[in-house]
Amino acid sequence: MADPAQITPSMISSPQPSASDPNSADPILKLSDPIEEVDQTTIIGLVASLALIVVAVWMGQSQANFFNLPSVFIVILGTLAVTAISYTSDELSEAMQVIKGSVIRLVPDLTEYANALMGVSVIAKKRGVLTVTNHNTILNKNEFLKQSMQLVADGFQPHDIEFFLTQEIQTSVEKHKAAASVLRRASEIAPGMGLIGTLVGLVQMLSQLNSPETIGPAMAVALLTTFYGAIMGTVVLAPLAAKVERNANEDMLLKNLIITGATSMARQENPRRLEILLNSLLPERLRIRYFD
Amino acid sequence: MADPAQITPSMISSPQPSASDPNSADPILKLSDPIEEVDQTTIIGLVASLALIVVAVWMGQSQANFFNLPSVFIVILGTLAVTAISYTSDELSEAMQVIKGSVIRLVPDLTEYANALMGVSVIAKKRGVLTVTNHNTILNKNEFLKQSMQLVADGFQPHDIEFFLTQEIQTSVEKHKAAASVLRRASEIAPGMGLIGTLVGLVQMLSQLNSPETIGPAMAVALLTTFYGAIMGTVVLAPLAAKVERNANEDMLLKNLIITGATSMARQENPRRLEILLNSLLPERLRIRYFD
Amino acid sequence: MADPAQITPSMISSPQPSASDPNSADPILKLSDPIEEVDQTTIIGLVASLALIVVAVWMGQSQANFFNLPSVFIVILGTLAVTAISYTSDELSEAMQVIKGSVIRLVPDLTEYANALMGVSVIAKKRGVLTVTNHNTILNKNEFLKQSMQLVADGFQPHDIEFFLTQEIQTSVEKHKAAASVLRRASEIAPGMGLIGTLVGLVQMLSQLNSPETIGPAMAVALLTTFYGAIMGTVVLAPLAAKVERNANEDMLLKNLIITGATSMARQENPRRLEILLNSLLPERLRIRYFD
Amino acid sequence: MADPAQITPSMISSPQPSASDPNSADPILKLSDPIEEVDQTTIIGLVASLALIVVAVWMGQSQANFFNLPSVFIVILGTLAVTAISYTSDELSEAMQVIKGSVIRLVPDLTEYANALMGVSVIAKKRGVLTVTNHNTILNKNEFLKQSMQLVADGFQPHDIEFFLTQEIQTSVEKHKAAASVLRRASEIAPGMGLIGTLVGLVQMLSQLNSPETIGPAMAVALLTTFYGAIMGTVVLAPLAAKVERNANEDMLLKNLIITGATSMARQENPRRLEILLNSLLPERLRIRYFD
Amino acid sequence: MADPAQITPSMISSPQPSASDPNSADPILKLSDPIEEVDQTTIIGLVASLALIVVAVWMGQSQANFFNLPSVFIVILGTLAVTAISYTSDELSEAMQVIKGSVIRLVPDLTEYANALMGVSVIAKKRGVLTVTNHNTILNKNEFLKQSMQLVADGFQPHDIEFFLTQEIQTSVEKHKAAASVLRRASEIAPGMGLIGTLVGLVQMLSQLNSPETIGPAMAVALLTTFYGAIMGTVVLAPLAAKVERNANEDMLLKNLIITGATSMARQENPRRLEILLNSLLPERLRIRYFD
């Protein structure tokens, strides 16, 4: 892609005190601890939608019993069992952790990361590329950042660094996709189990039509598994699967920022070029203005 | 792709007064303010389709009550809550803005943009590439155009300019896609919430079949949530999602015109070549005839 | 891809009177006017399938009224209105033209085009590349062919010609895809409008169950919108969408033949090589045997 | 990809009597006639599944009439007519041939083809590349093989041969895909026509509910079109579409073997290298052991 | 991608006793026999989900007969027969083996494989690349590993080795995909056969409504085929198809590790580079720490 050695005229002639003057103070690097926050919309959305259904049930004109243990068993346990068929126990437990991490998650401040990468790059430009592993205060906050800076300091070629780290992202993306696919499959199975349960109820009801007054309640119970299956699939599992996929994208964006920074440092490029690249990756509201 | 230095014989020998004659008058550049217009088809389509349904209800032979508050709650609020599970609050508010912008939108005149790019290119060919940032009257109309011209004037390499700006488009496309995906998900959830509401009503009705004369009205009420869910999904949300995707494509076309112009200027190519390139991107009815 | 300068030994030594002998008569070029024909299968298929449904209705044992104005309104007008939400008026009118053009269409004779390209190539090889724009009898039959030959005569580089024209195809394909997507969306909306209309009828019927003898006819009317929606979606709109997509592919094949010819002439390749290339693009029954 | 001139040390030093010794006997080349066999699983599967449905109908407790002429007409003729809308008559007749060819098909022996290619390659290595067109006994069995060898003997460059033949495969794949898409569309239309027929029956039945004893039989007849549509779609058309797609893949594998052989001969590579390449394309049970 | 000859400064200067000191002891290579284990989650999931359905049937308030031989026949045999239409007998028997292998499967220890590749690489660096075929204890455990090392020892170029082996993976992936597609198609056909069976039952029931007390039981029997079809599709076939796809991915990861190792040895790269590459392919919990 870009020629590493290319320093354009305007870059060199423009005043860049922080980068070109070795006596200027080094920028101070910092990364806040990622905020371990419960993902508000996920929790609020889940609670609100389930509450709405409960309210709708309460407001109904009859005191129908909406809780039926065999129906709960066939839908919840059945969905779990059928989902388990397609995966190994390792994958299922790994998926559980990724799913937990999409509710209580560590939200990184992307702007702060971009600023930190700019600072490391400016210092590396001034005092040499071996300095990139000196910033323990920030490197200890992110394993991937530490590993990337180590590769830069070890003197690997820029295209090697890019290759190693892109491979690494790929592996991490696969892991998130696997977890999302567990949820996605479960969200497809739940309505199926609901249908199977309702068919069991319907066959039982239809085979003894002699007592007509029991038809209604028996069919109401049969429909409960369809009801549970629809809630499991539509309200709980499919939205969580979409959330896990979304978080994987956010994680990938952070890692792409770090790769862009690392390869730029390894190429010993002008930090101004890195700023443009980082900003072109960041959404508009998170962009940085490092110089001026 | 194309060799930047390639000026074909016929290009040079053909008479190009505006480009080759330094004494000829500079073309006058202008860009109208984008018309902030309410998107007619969207508004007319929405109003007309909802009106049709209301008329169909009115023309019915019975005075059934088609408004039921719990059903409205379970469908509208339920769809909102379940959609919120899969996103963060930032994304939801950003999506709201993009959606608003797909109803009341700024329609750029693509032909005018292509002509303006031709003008900038002709002047740059005549008076040097640094002139591209002088045209404040047009640059202030479009942030992306201003940024592209700045990169050209800063002397970046053509492939760097292409790389920076393509990355930028990617980020902007992601934002529109995210907004469209919020609507797309909501349009899938709405019928699901309708089904869940109808199941609640059916179970309640079936569990007290002793008063047969209430079956009909109770089932009518139960079907209302399916009715609301179908309207929300088919008539409102899915078409708006398609509209947002369409607008993202239009926005991308404008930005692609600007990238093509910027890289062509950075390569100091003959403006005639730029005209062919711009026209090959534009749909037939919007093509320009800058020379002759 | 292929090296432009590569003339293989066997090419040169094989006897090629028409191409290598400057005194041989020039091939006569001709292109018939494209036959403006009503696309038979489309018209026959549409008429036959609608006639079959009418016959099935007539053969029924009851004289049910299958025509209901509000149902027609809600399905046809509703589908139009909801489809309009997702597009602009420009797109809708452009789509109308493309759709009309897929019923009454200009069928090009691909074999004749391939032969004409061979002839132009043979003459260009003998009398120079500037002759390619002399063949007004054929160039005036096809705007894209004219434009391609102009680029060859203007002395553009082969890869530039390929780039310009491929871009052009892309824009033309987008236009056809947009028209097909209008129909595709409409074919998805029609059954949805049918369901909404049926729900309106069902709710009205169920809310006044006191007169049981009206249940049947009321439900029959309610089902009519589902019936209209199914016919609109399955029989009319989805097949037309598939047809428009198919025609876009045929149009693209013709344009690919022309691009292949134009780049081959620009590379001044041996016409025998062009013949192999054109034949590898053409389906077996349309292949040409220009030499021998 | 691979460097054509690369002959690795071990290749040269290893004993290769058949390839390096000009006095050794030429390998005998042969290709059996492809067995024109009725595809057993397709015929057995079709007959068995239709027989199963007939048996299930016979075993039923009632002597219901499962044959209804208007229903047969609306489903079979309707599916044909609606499918015809999306295609031209040429495409439909070509699709018919491809479909016929997926039931009674010519099964090529891939192992024999790979061995024949090895033999041609060994002789070409020993006696020169012009010998590849001498083997009429095998070349007349396969048009594509003949054409490929002709290109090799004509002295085209390896990358040109690959480009011509890959283009050719593309065109052939398009043809098979078109045939499969006709079946695929028909399999989607059949259930739709079934639904439309059932709606006709339901509306007729519901509009004259005065004779309750006819409701059952009328509804039974109405359901027959759904029944026919499900059989047409699920049992006949969709499986045949999948079969045509599968055969296209098999055909492509044979043609890829031939392309690999032709480019290897054109590069004048060591036949041992070709053996590894052919084996890496063949499924395990069909691999060849040409040397040793 | 990476330049094969590139040995970065830090690589050479860093102490690497095991790799650079020819007197150090060779690493001991070992590969355990792959554990032939029944895949627990698959068996437990299948048994548990079927048991749940049986329990749900038993807990029902009526003693309905849930076993109906014609329904079993039409669903199970029908699904088999319809699936067979789309494939050949070879493919079906191969698919059976792959499916069996996804229940009782050989689980390779990826960490052990990565360590073995490191060991082979370290010895090859010290004693020459021809040593890679000496390690019979490990090469006999895996056919693909043996074949890869043979290619390295034969002195093929790194890009040739990569090309041969990637082609090989492709063929193996196709085989697994074919097996998964058999199951995937069967899982789509099963509910279709269930619907067809239910339609047979419904038509029979509706055509003799004179004995109303038999309606219920007849409809119960009719619904049984839908019930069987839903279980076959949702609980058995679709999850097994997903499992086969998952196993194909795992198999591909192992083969990718081996390719990475083989090309690294053929390039005679520093083993430290190989370690980074292998770790970037492995999921986090399986990574190796070969040096230090």
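So that you can tell them apart, the chains are marked A, B, C, D and E in the order they are listed, and the count of residues begins at 1 in each.
Basically, a contact is a pair of C-beta atoms (placed from the backbone, for glycine too) under 8 Å apart; a residue touches a chain by one contact, two chains touch by 3 or more.
Every value quoted in this text rests on a predicted model; they were computed, and no experiment measured them.
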item: Given chain C and chain D, the chains that contact each of them; value: none
item: Partner chains that chain B and chain D have in common; value: C
item: Fitted rotation between chain A and its twin chain C in degrees, CA, nearest 5; value: 145
item: Whole-Å separation of chain centres (CA-atom averages), chain B against chain C; value: 26
item: Interchain centroid distance [CA atoms averaged], chain C/chain E, Å; value: 42
item: Multi-partner residues of chain B (at least 2 other chains); value: none
item: Complex interface listing, chain E residues touching chain A; value: 1-3, 6, 8-11, 39-42, 44-46, 48-49, 52-53, 55-57, 59-62, 64-66, 213, 215-217, 219-220, 223-224, 226-227, 230-231, 233-235, 239-240, 242-243, 246, 273, 276-277, 280-284
item: Of all residues in chain E, those that touch chain D in their complex; value: 70, 73-74, 77-78, 81-92, 94, 151, 153-157, 159-160, 163-165, 167-168, 171, 174-175, 185, 189, 192-193, 195-197, 199-210, 218
